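There are two complexes below, and they share subunit A, which is joined by subunit B in the first and by subunit C in the second.
Showing the complex of A and B:
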C-alpha cells in the first residue's frame, strides 16, 4: 500500500509531484539563492565599518529629507538646471525616436527582409551592451565633454531601446490590412504611413514617452558622471564637493517630483495604448 | 451629382485638416527641438560629425599592444566584481520586492493603508536616480562593494516592485478567487496560488534587471570608485585609450554573455 502513496517527512500524503519543468525551475531558484549567498562572501569590503556607515547614512538621509535647503545655489537656478536636464532628455528622445522609426521599419519581420532585420538586430544588441555613460565618454573624445557628447550618447541607447519596442509593435499589426493595401498597388511608403503608423500610433507614443522618462534619469546621471550639466551636475557638486546634505536633499526632492510626474503621465499613456 | 460632389469636397477638407494638424504638430516639435537645443548648447552638426569620428577612434584603438594585454587580468577581476554586485543586488532586491509586491497588489493586499505604503516606498526608491543613491551612500560607506550593492539595490527594488505588482495582477486573478472559494487561508492562497503562478514571469524580470544592472553598475562604479567603472575612469583620465577600448570591449562581451545565458534560461526553463 505504501508504495502507491508518497508521504513527506511529517507523514502527510503528498498530493502533487512536480513535473520536469517545475523541477528545473526549482533547481534554478535554489542555484540563484546559493549564488547570492556565496556572492555576499565573495565581494570586496575592504575598509568598510558597517555600523558607523549605517548610522552615518541614516544621519545624512535625515539631514537631506527633513531639512532640505539651498545654500550654494538658488531655487531659481535649480529649476533652470532641471529644465536643462529635461531638455537633454527631450532632445535625445526625439532624435532617437525619429531614427528608431526608420530602423524599426527595417527590423519588423512583416515589413522587411530577414537579412536586413537580423543585421539591424545584431547592431542594436551591441549598441545596447555598452553602458550609456561609456557611450557618452567615448563621444566626448571626439566632441569634447558637454551636451553634444551627452545627447549623442543618449541617442544611441534610446535607439537600441526604441527600435525593439517599435518593431515589436509593428509585428503585431493585422497582416490582412497590409495585404489589402498591397493588392490595390500601394507603394511601400503608402503602406508605412497609412496603415502601419496610424495603427500603432498610441503604442509608439506610449513607448516614446516611457523612454523620455528613462532618459530624464539618464540625463541626471550624465550630468553627474560625464559633465553634461543640468541638475545632475549640481547634485554631484553639492554631495561630492561641498558635502552639503541639506542641498543634496533639496535637489533630490526636485528630481523626485519631476520623476514622479513623468511616471504618472507615462502610466496614463500606457493604459490608454 | 451635386450631392456626391459636395461629399467629395468635404472629404478633401478632412484630409486637409488632418494634414494641417500634422503640420502644426511637426512645427511645434521642431520649435521644441530648437529651443531645447539652445538651452543645452547642443549643436546638431557637431553631433553628427562626432559619430563617425568616435567610432573610427574606437576601432583604431582596438589593436591592443602587449602592455595593454598584460593588464587583462585586472580588467577581468574588476569585471567579475561588477557582475557579482549586479547579480547579488538584483536577487536580494527581488526577494524584498516580492514581499512588497504581495502587500502592494490589489488582489493580495492585506489592507488599504499597507498597500499604499508599499507603493509609496517603491515609488520613492525607484524615482530617486541610482546616481543620487550612489552619491549619498559613498559618503558613509566609502569606496567599496557595499556602496555599489546598496545603490543598485534601491533602484532595482523600486523597479521590481512595480513590475511584480503588474505580474501578480495579470496572472493570479482566477486562481486566487478559486482558492478563496474553497476556504483557503491567506498564507495558503499566497504560497499555493500567487507565488507559483507568477514566479516564472517574475524570474524573467529578474533576468532583465541583471542585464540592466551590469550597465548601471559601471556608472555607479565610475562615481564611487569601485569595479570596472573606476578602472575605465582611471585610464580615461590618463588618456590611455587602448585600455579604454579594452575595458569597453570587456563590458560588451560580459553583457552579451549574460544576455545569451538569460535567453537560454527563458527558453529552456521558464
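Showing the complex of A and C:
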C-alpha cells in the first residue's frame, strides 16, 4: 500500500487530488445548482395562467415565422434599413479595430512596459463592465440620441473586446522571432510590422470579424433602444408599436439571413488568411 | 544564378558524406583549416560579469579577443553561460560590468540608433531558426536589412532593387532559390537554418553569432550548415562565433575553441591543443564518460 495515493471512503484510489481552486469551483457549482432549484419554488406564480400563456406564445410564434409579411413597411425599405444597420456595425468595428491594434501593442506583456500594460488593462476592464447600451446613453448626453451616440458606444465596447483578443494573440508570439529581429538592428516599429502583425494576421482577422458579427447584433438592439435607426428601429416599431407579429417574423428572417451570410464570409476569410 | 550541385565522391575523403549534396563546388568546401593567428583583432571582450540573481553569477570575469575571419567555437556543459555570453556580444543581454571594444568603440555605452547600427554589423542565427513562418523566404531574408532602415521605410518594406538583387544572390548561393516564395513553415529544418544564415549574411556583418545552430538538425543537415559557416568565414572573412554541444564538431570546424565551465573560461586555444585533461576541466568529467559522436 503506497502512502502517496489518496483513497476515498470505500478505499478506492483517487486519480487526482483537487487543489484549492478546484475545490472552490466545485463549491460554486453546487451552490449554483441549489439556488436554481430553490428559485423555482420561491417564484410568484399567482397571476400566471400557464396554459393560455403557452398557447398564446405558440400562436404568436406561428404568426411570426409561418406567415411573415410586410405591412407597415416595404421589402425595399427593410433591405435599406438592414444596410443602415450593417453600416453602423461596420463603422464601429473598423474604428474600434484600428484603435485596438495600437492599444493592444501597449497591452501585450512582451511588447510593452508593465505599467502601461496594466493601465490599459484597467481602463479596458472598466469599459467592458458597463453594458453597451449604457455607454450609448452616456454619449447621448453629448451627441444626442441617435446613430452618433450609438457608434461611439459600440466603438467603446469593440475596443474593450478587441484589445483583449489582440493582445492575447500577440503574447502567444514566440519570443525568439522578436529576438531575431532585434538582433538584426530592427527598431520596435519594424518588429511590430514584420513579426507581430504577419504572425498573428489570421487571428486578427478572425477576431475582428467575430466582433463585426457581434456589432451587427448590437446595432439592431441600438436601433430599438437608442434610436440609432436601421432595421432594429423597424423591428421595435412593428413589435412594440403596431403589435404586428407577421412583420416581426419577416424582419427576424432578414436579420437571420444577414447573420448567416456574415458567418459564411467569416469562415471564408479565416481560411484565406 | 545557377548553383552547382554535386555529390561529393566517396574516395576523396574518408568521411561518410556521399549522400550529402553540396550546393557549392567541392574544392571550396574542402577542409582548409588555417588558424591564422596574425589576423587583426576586431573585438576585445574584457572582464565581463553577469548575474541574473544576487547570489548566482552566470559569467565570471570573462576576457578574450575575437579575430577577423576566424571560426570560434564556445563549448561547455548546459548552464555554463554559453548563450548568455553570445547575447552579451550583440547586447541582447546587458552585462553587469566589463567592457567590449568593437571597431574602436565601447559597445556597452551605446544607445538607440548607434546600438542598432552596431547590431547591423553582427548577424545572429538560432537553434530554432526564429523565422517568421507566415512570411516567405524572401521576406525573411530581407528582414536582415531592417537595421539599415528608418521606421517608415521598414513599415512599408521599402527595400532597394540592389538589396533585393543581393538577397536573391545569397539565397541562390545557399541553394534555396527554388523555395524563395514559399512560406517558411513549408521548409525543412536544414532549409530554415539556411534562411537564417541568409538573413544574417544580407546584413553585411563582420561577425555572425550562432546559438546552437545544429542542435535541432539531423547529421546530414548539420554537416551542410557547418560547411556553410566555415565557408562564409573563409570566403567573406566574416568571423563566426558558434555555441556547440558537440565536441567533435567543434574540433573539426573551428580555428579556436573556448571552453566554458560554470561561467569561467577554462580553455582558450586551437582545437589541436585540446587534451583529455582540458575536456575534464570543461565538462567536469572524464572523456570516456561522455558521448562523443
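The rule is short, and it goes like this: the second predicted complex is superposed on the first by the 227 of 273 C-alpha atoms of A that agree within 3 Å, B and C clash if a C-alpha of one lies under 4 Å from a C-alpha of the other, contacts with A are read in each partner's own complex, and residues count from 1 in each chain.
In the analysis below, a residue touches a chain if its C-beta (ideal position, glycine included) is under 8 Å from a C-beta of that chain, and two chains touch if they have at least 3 such contacts.
All values derive from a computational prediction rather than experimental measurement.
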item	value
First (subunit B), second (subunit C), both or neither touched by A:109	neither
First, second, both or neither for A:23, with subunit B first and subunit C second	neither
Which of subunit B and subunit C A:193 touches, first, second, both or neither	second
Partner chain in contact with A:201 - subunit B first, subunit C second, else both or neither	second
Partner chain in contact with A:31 - subunit B first, subunit C second, else both or neither	neither
First (subunit B), second (subunit C), both or neither touched by A:139	first
Comparison of subunit B and subunit C by subunit A residues contacted	B
Intersection of subunit A interface sets (partners subunit B, subunit C)	none
Subunit A to subunit C touching residues, read off their complex	174, 176-177, 179-187, 189-190, 193-195, 198-199, 201
Complex contact set, residues of subunit B against subunit A	29, 32-33, 35-37, 39-43, 46-47, 49-51, 53-54, 57-58, 81, 84-85, 87-88, 91-92, 123-124, 127-132, 135-137, 139-146, 149, 199-200, 203, 215-216, 218-219, 222-223, 229, 232, 236, 241, 244, 248, 251-252, 255-256, 259, 265, 268-270
Touching residues on subunit A, where the partner in the complex is subunit B	21, 24-25, 28-29, 32-33, 35-36, 39-40, 42-48, 50, 52-54, 56-57, 60-61, 64, 83-84, 86-88, 90-91, 94-95, 125-126, 128-134, 137-139, 141-143, 146-149, 151-152, 217, 220-221, 224-225, 229-230, 232, 235-236, 239-240, 243, 248, 252, 255-256, 259-260, 263
Subunit C - residues contacting subunit A, complex	90, 92, 116-120, 122-124, 126, 128, 130-135, 139, 143-149, 151, 154-155, 157, 196, 199-200, 203, 209
